[in-house]
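We just call them A, B, C, D and E in the order they show up, numbering each chain from 1.
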Amino acid sequence: MVPLPYYLVLSGILFACGVTGFLIKRNIITIFMSIELMLNGVNLSFVAFAAHWHALSGQVFVFFVMVVAAAEAAVGLAIIIAVYRTRETLNVDQVNLLKL
Amino acid sequence: MLHLALFSIFGAICVAGAVNLLIQRHPINSALSLIAVLASLAVEYLLLGAEFVAAVQVIVYAGAIMVLFVFTIMLLNAGEEERTRGSRVAIIFGIPGMLVGSIVVAWVLLRYSGTGSVPVGALPGPPITIAQLLFHDFLLPFEVTSVLILIAIMGAVVLASREETPPPAERGHI
Amino acid sequence: MTPNLQLWLIPLLPLLGAAINGLLGRRSSRQAVSVVALVFCGGAFAWALYLAARFSSLAIPHTEFLAPWIRIGGFAADFAFYLDPLSLVMMLVVTGVGFLIHIYSVGYMWEEGGYYRFFSYLNLFMFFMLTLVLANNYLLMFIGWEGVGLASYLLIGFWFTKDSAASAGKKAFIVNRIGDFGFLIGLFLLIKHFGSLTFDQVFAAISQLRPETAGAGLLTAIGLLLMVGAAGKSAQLPLYVWLPDAMEGPTPVSALIHAATMVTAGVYMVARSHVIYERAPEALTVVAIVGVLTALFAATIGVAQTDIKKVLAYSTISQLGYMFLGCGVAAFSAGIFHLMTHAFFKGLLFLAAGSVIHALGGEQDMRRMGGLRHHIPWTFWTMTIATLAIAGIPPFAGFFSKDEILWRSYQASWIYWLIGVFTAFLTSFYMFRLLFLTFFGEYRGAVGADLEHGAGHDSHDAHHGHAHIHESPKVMLVPLVILAILSVIGGWVGVPGSLGGSNRFDKFLGPMFRVTTPAVNAEHAAPGEVAPPEKQTEGPEPQTGSGTELMFTGISVAAAALGLLLAWWLYLRNPELPQKIADALDGFYEAVLNKYYVDELYAVLFVRPLVDGSARILWRGIDQHVIDRAVNDSADGARHVSDNVRHMQSGNLRSYAGWVAAGAAVVIAYMVWTGAR
Amino acid sequence: MNIETLSPFILTLVTFVPAGGALLLVLFPRRDRDVRLFALVVSLLAFILSLHLPAHLVRSQPGFQFEVNRQWITSPNIHYHMGVDGFSMWLILLTTFLTPLCVLISWRIHDRVKEFFILLLVLETALIGVFTSLDLFLFYFFWEGTLIPMALLIGIFGHERRVYAAVKFFLFTMIASVFMLAAILWLYAKVGSFDFVTLQNAIRAGQVQNFSGASFWLFLGFFVAFAVKVPLFPLHTWLPDAHVEAPTAGSVLLAGVLLKMGTYGMLRFNLGLFPEQSQRNAPWIAALALIGIIYGALVAMVQPNMKKLIAYSSISHLGFVVLGIFSFTTAGLNGAIFVMLAHGISTGALFMLAGILHERRHTYEIREFGGLATPMPIYAALFLFIVLSSVGLPMLNGFVGEFLVLSGAFRAHAIYGILGATGVIWSACYLLWMYQRVFFGKVTHEVNNTLPDLTVFERAALWPTAVIALVMGVAPLLWLGAIDPAVQKALAPFAQVASRLVGQ
Amino acid sequence: MNGILQTADYVRILPELVLSVFGIVVMLLEPLFDERRTQRTLGTIALVGSLAAIAASVYQAQYPGFAFWNMVRVDGFSVFFHVLVTTIAAVVILTSYEYMSVQRIRAGEYYGLILLGAVGMCLMSSAVELVLIFIALEISSISTYILAGFRRREAASSEASLKYFLLGSFATAFFLYGVALMFGATGSTNIDKISQALQERTVPTLAYLSVALMFVGLGFKVASAPFHIWTPDVYEGAPAPIVGFMSTAPKAAAFAVLLRILLEANAPGRFWLIWFSAALSMCLGNIGALVQTNVKRLLAYSSIAHAGYLLVAFAAAPQIGISAAMFYTAAYAAMNVGAFAAVSHFANAGEKYVTLDDYAGLGRRSPILAATLTIFLLSLIGIPATGGFFAKFYVFSAALKADLVGLAIIGVLNSAVAAYYYLRIIVVMYMREGRQEIPVTKIPIGLGTALVVSLVATIYLGVLPGRVLDYALRSAGQLVPPASAVAASGPVAPAR
């Protein structure tokens, strides 16, 4: 018997980790991973809520999220490759052509 | 009781993996720790009785997406990330912001009553019922995802394809 | 029923002349121009004479409505003319003297460039002057008032290529404007309290005012303000400064505008407003004091001037002072009387001076003249007559009018009289000085030698290149003669009773000044007023005083004679003496020679500070360094802020994420806070 | 056809004929000469049409006439509501009168002729629209509409620092007028209508909720927008720059008409909608006006640049107008309108004259000239005439208005009249001094000896102004007759207001 | 809900269907044409597709109601946005003709992405189910990510794409989290159910939290402060026509979603949130734009400011506020697409000429282009007789109706300040002489049409806005049930 808030907090922690990763990681790919981390955190709370409300729609939602995540991954990695081609680096701090 | 134990164990692994993702400096390690997170999350789903989701989690995420990641990392043979200090803002505003935000969220979530606790397999998500929803109530979103994926494919092709189109033609005066 | 007198003809004829000459004159011959000018001006004169002839048979005062001008709400000011003895006299003087001077100018200006301009201006002046004297309300009067100012501006600056002339014109206009400022405020007061500017209505309303009602203070204020206007126009202290400079204009102009007519407008206005002044004793006193002081002050300056026209200018100011003194002691008819005679002899003086200058090819400095009486006898004799007249030697015109003023002023206060007499002495002194320096002794100048005189006279020089001094042409002499005659007999219309005369002039004018004078006011005159003037104003001649009056007459004549003798002694007997005297009291002499440095004083006190202040403080200071600066600075400030905002856009992805996260944190915190409440 | 049937459409016609002309101009004529002629014809047509107004205005009836009122947009409830009364009619005529002269005076323009005249005509339409519209929205519409063409005229066809001037002009007026927009919107939100008359009645009847609280800010919102246009003392800094840089025609319309938009707005809207507030704020406004009169004159006196001088002089003159308006006296208001018209004529003419000189010598610096009366006598004579009319010489247009304004101001507060009357002296000082420096004395610069006198077009542009200046001075009743009833009507509420104020 | 789909269901997603079909067709046909002809042909097909979609949306208007078991709801509101989005797509396609041929961009994917992206945007406006909204949002986002990076050779382009993508997904995650919490708070993801749930029960804190998170996500999409930060970089880097597209269509869609979620779902406690976000957006956007020298970047800042103006309408009372917002999106779309069309034409190959200095003397060199651009800029300033004026006007009057005097004042002041930097462009075009000679090509037919269309739209909205306004008002009425209108006007109270 696990109180629902536990799950929610866990998901929250994952989400927070994702945000932190986005903020502190330099490598674009890792940053992208942090985004995935955030999505997973969200998924967890979806499932948890689904259990709480006894509504399967939550789980379906998770399913859609995964699909979206997959699509994003495809596009994102493609973009990363494009950037790497033009800039020869994966460090975000060096991807700052556009500014001010 | 066992339930709580399992939750805590795998929850711990999740958090550990997530943290590890942050502290690892080589993308590969981060990717691997992310996989750990995903796997243990699948277990959490099982605990919540979402077998289908759990399965999909393992197959799609761990199976497909992460492979993609690792593949890209290899392709661009990304090395150790150097600790450039490009952004003060992220540290000065971002981190505190994150902390404040997460604290508030955590406070809300914890204080969020109206929850009993969740028994193991409280809501069995067998494929049948899922399918019911997916192909009936959520038919339209399901179909639309195909568009999404189509776009993703096109995008990948356009952006990542290496075929050389000649550089833009300069227009002369007219 | 009053017949329609077509009064409007009188001002409008000259206007027509001015318009024709102004618009067509450039292409038409001098003959045509002079004919037009003379015909229209003469027409006005003729019509004035006709009216004068009919005058006795008219219902006086006679008002003639021509057209509406301004009418808003209850207020109305129309083009309407007003005929009464006063305006008749003025009208005759203006048209008559004006006409003569027109004739004279034909000769004087013949060689000048811009001939048509001159006559069109001259006619324009006639128009405005006649409007001024014929107006039936103050606003119409103000038209004429400003208009004559304009005309004098144009005529003084007639030789506009001469900078001095141009600035003189400007100076005249602006100083007049300062006077007009006071005049305007006076009018506003009238409007505010009587809701009208028409003489009849205003005066009627005022006669209703009981002095015990607070009207007195108001009337004093109005009186003083109008006085400011008059002082500006009639060149009284402290606004007289423009008149001497005005001598830059052609001499006929000086004769017509700055001696005979325009400058007397102030006197006319004061006389016209006598209803107000009679009820404002303080104002009247001020008028008298200003008048007497001006008379003295100007006379002293006149003593030391060397420019023939300047001497005449200062004597004009001084004579105007007499007129104001006259009005100031409520002897309005006396003032007007002197105005008339003065018009004759001063006009004559100027014309004669002009003839001298003409003869000498533009020479104006008396130190380069002398002994001219053989060369230009006509001019000499007429000039002599005029001098005698102005000096107040009986039986010439000036004597009677001046004497009457002095007598009246004595009745007001002996100080007035004393100063008056002294001024009379000075007057005759400097006038005879002028006469002697110019016509006696031997010739000191050098005509034909290259003369450094204004561009305006170049043509003269060209014409009189051969060094021989010649009498002026007939067309110039005729007016001289006529005016000379007038200067002799002009005064006889006002022979005082004491001299066995019956002062017809006073009888003619007196009534209109007397009617509105309620006896009651005598008592209510402000206390401390020495011999409240109303008592004597135009009261039936105090026969008892005739003896004393004779005595005073004698004194003033003596003073005049003394002046004559002194002048003779100094400038004919031993001509080196003046220089000695001058050296003896050089500081004072310098001051007098330089007109007490009044112009310089004004420059230091008003002009410089105004110009510099505007330039430095207002324009560069406030306008550019405060207001404009503020505007531009705020613009720069905005740009500065914008630059800082730009730097949020560091271009670094993680920073952006930082902003987003921070923003999200704020939003979340706020929302939760709201929700938790 | 019967002329009477024209009356309902006349305003629309007068307003949009120039714009239509501009449209045709876009499409048709190519050669510059045709463009000029066409523009001239159009503007003259507008003028002739506008003559219909005074011809058929019922002078005895104070209200709005020639009204046209159609629904334009249902929500927001915006009407195409136009109408004129004694105030606006003359300003419309002033506009239509000046525009042909502007066309004539701009005959020499060679660069981008087409654009120039298109902008000019569009500007005319916008100006007329401002004076005709009775729907606040429509008013704002035209009000902003004047901004663009004017700014472009200055910015494209102006002189050296034209860009700075144009931007300054645009921003100043723009920023100020948004306050008015805010006020208008507030009124609309509360009353649900933009119609001037409706609003007026609603306010008079006190049907606007929490109006009393907001009225001051509303008043201020309108006032600021107008004060900048006038321009009132501290807000005037855009004017000299704009004038100096603007092309002649631009300056003429700017000084002649645009500035009047501000004073007209005060008269129509500040007094019309917020009588009480107007009464309360009159003291400081009058103070600003007086400062403007004296300050403008003094600064004008020391300007080395002819056009700047004229610009500052307009600040001084417009001060008279504001003073008159906020004296709330019959004379004051009548005078204010009359000064508007007179100033429009004489200052417009002055700018034309200055422009003529600039065309010949390409400078406005006074010290570049001197003794011009010798080479160009006719020019000098006309210049003097206009200067005198601007100085306020009786029998010319300047005097009547100033006299009325001052007497009105004096009636309101003696000190207003006295301080204002000093303006009479100042104007003589700066204008005559300038005239002397430019025309009198010997010719100082050799170039000036050869300056040609007025051309036919220039005379054609200048004579009408001179004649009108004279007529306005001699027969002001022709104008006042129509103005006075409107003034009486406008002043009607102030009686009650005064009593109410006393009550408080 | 029975298991059978009626034709009505399909009609109610007809535009989306049409668009996706044509998108796929374009994509498939691409290989069949050779390099030269591909551009024009495919462009034409895409254009036809979008036109058909417009027709479909108009036709669809006759069949209001729910479809696919309460997934989408066709009402005036959604139809409005359908038409808007599809029109924008059409105009952008027209704009792109020339651009593509110059840039040698692969037409198939390009047009395909525009069309399919439009599908997502249409769905966003009509979806009433958070799942669907999320997916639609992703579709539109992802397609714009890709389009932003279409000039792959340019480092700037791909960088823009990367930034947009990463930050976009970041924000999406927030939005998703919000959805999850909303699901947790109400047990449903259907907007109507949610609004019911929120009305019958006392609103749990969780709901507030979720609204906050969703606002973060959507605020990012509409580029409202403080989530505007990405806009300038992305707009600068992305291809000009695409900027025209993504600054209007996805934004409009996102605003539609925001409206649905905030107003239809009657999200609690939104008032001050929007208030501050609006004020901040206006100020930051305008101030930031003052010193920009790159026209695309300048317009990016201006779009932030315009998002702010739009949010003002959100803060105002629901019904009139919604209609104001709808009108604003339309007007803004008209002028901004037009402006970027002009910019993209002038920018020339490789987008060389995008700085203010390049625009110097444009008024002389190509008066037509300059004039049109001027009109768009004037409209952006908000000069009468242009759509921009009425948009602002309507928004501010709505705000004042709701007694948001403060916000309205901030708004008008900002619009006055904004005048400065738009004016700078006009000034440079007309009042400066061009320094270096820049090739000015004559306007091709496609672009010309695009310009004319947006010009006409701008002027029409500026002179006769009545019809559109009325339509917006009516559909807003359908959108907001009176009950929620009352409830929503509740939070407005503190403003007084």
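Just so it is clear, a residue touches a chain if its C-beta (ideal position, glycine included) is under 8 Å from a C-beta of that chain, and two chains touch if they have at least 3 such contacts.
Just so you know, these numbers come straight off a predicted model, no measurement behind them.
*Asks:* Which chains sit in contact with both members of the pair chain B and chain E?
*Replies:* Joint contacts, listed by label: A, C.
*Asks:* Taking the mean of each chain's Cα atoms, which chain ends up nearest the overall Cα mean?
*Replies:* Measuring from the global C-alpha mean, the nearest chain centre belongs to D.
*Asks:* On a CA-centroid basis, which chain has its centre farthest from chain C's?
*Replies:* B
*Asks:* What is the distance in Å between the mean C-alpha positions of chain A and chain D?
*Replies:* About 65 Å separates the centre of chain A from that of chain D.
*Asks:* So, what's the distance in Å between the C-alpha centres of chain B and chain A?
*Replies:* Each chain's C-alpha centroid was found; their separation is 4 Å.
*Asks:* Using Cα averages as centroids, what's the distance between chain D and chain E in whole Å?
*Replies:* Going by mean C-alpha positions, chain D sits 43 Å from chain E.
*Asks:* Just how far, in Å, is the C-alpha centre of chain C from the one of chain A?
*Replies:* 98
*Asks:* What are the residues of chain A that contact at least two other chains?
*Replies:* Touching at least two other chains: 8, 15, 18-19, 22-24, 26, 31-32, 48, 52, 55, 57, 60, 64, 68, 71-72, 75, 79-80, 82, 92-93, 95-99.
*Asks:* Can you list the residues of chain C that touch 2 or more other chains?
*Replies:* 646, 649-654, 657-659, 661-664, 666, 668, 672
*Asks:* Going by the contact rule already set, what residues in chain D reach two or more other chains?
*Replies:* Residues of chain D touching two or more partner chains: there are none.
*Asks:* Chain contact graph: line, ring, star, complete or other?
*Replies:* Contact pattern: none of line, ring, star or complete.
*Asks:* Kindly provide every pair of chains that touch.
*Replies:* Pairs flagged as touching, ordered by label: A-B, A-C, A-E, B-C, B-E, C-D, C-E, D-E.
*Asks:* What residues of chain C sit close enough to touch chain D in their complex?
*Replies:* My answer: residues 67-73, 75, 139, 142-143, 146-147, 150, 153, 157, 160-163, 165-167, 169-170, 173-174, 177-178, 180-181, 184-185, 187-189, 191-192, 455, 610-611, 613-615, 618-619, 622-623, 627-628, 631.
*Asks:* Provide the residue numbers of chain E that touch chain C in the complex, in ascending order.
*Replies:* It comes out as residues 162-163, 166-167, 170-171, 174, 203-205, 207-209, 211-213, 215-216, 219-220, 225-227, 229-230, 232-233, 268-269, 272-273, 284, 287-292, 417, 420.
*Asks:* Please name which positions on chain C make contact with chain A in the complex.
*Replies:* That would be residues 646-647, 649-654, 657-658, 661 of chain C.
*Asks:* Applying the document's contact rule, which stretches of chain C touch chain E when the two form their complex?
*Replies:* So the residues of chain C in touch with chain E come to 638-639, 641-643, 645-646, 648-649, 651, 653, 656-657, 659-660, 662-664, 666-668, 670-672, 674-676.
*Asks:* Taking the complex as given, what residues does chain D use to touch chain E?
*Replies:* Listed in rising order, the residues are 72-76, 140-142, 144-145, 147-148, 151-152, 155-156, 162-163, 166-167, 170-171, 174-175, 178-179, 181-182, 185-186, 188-189.
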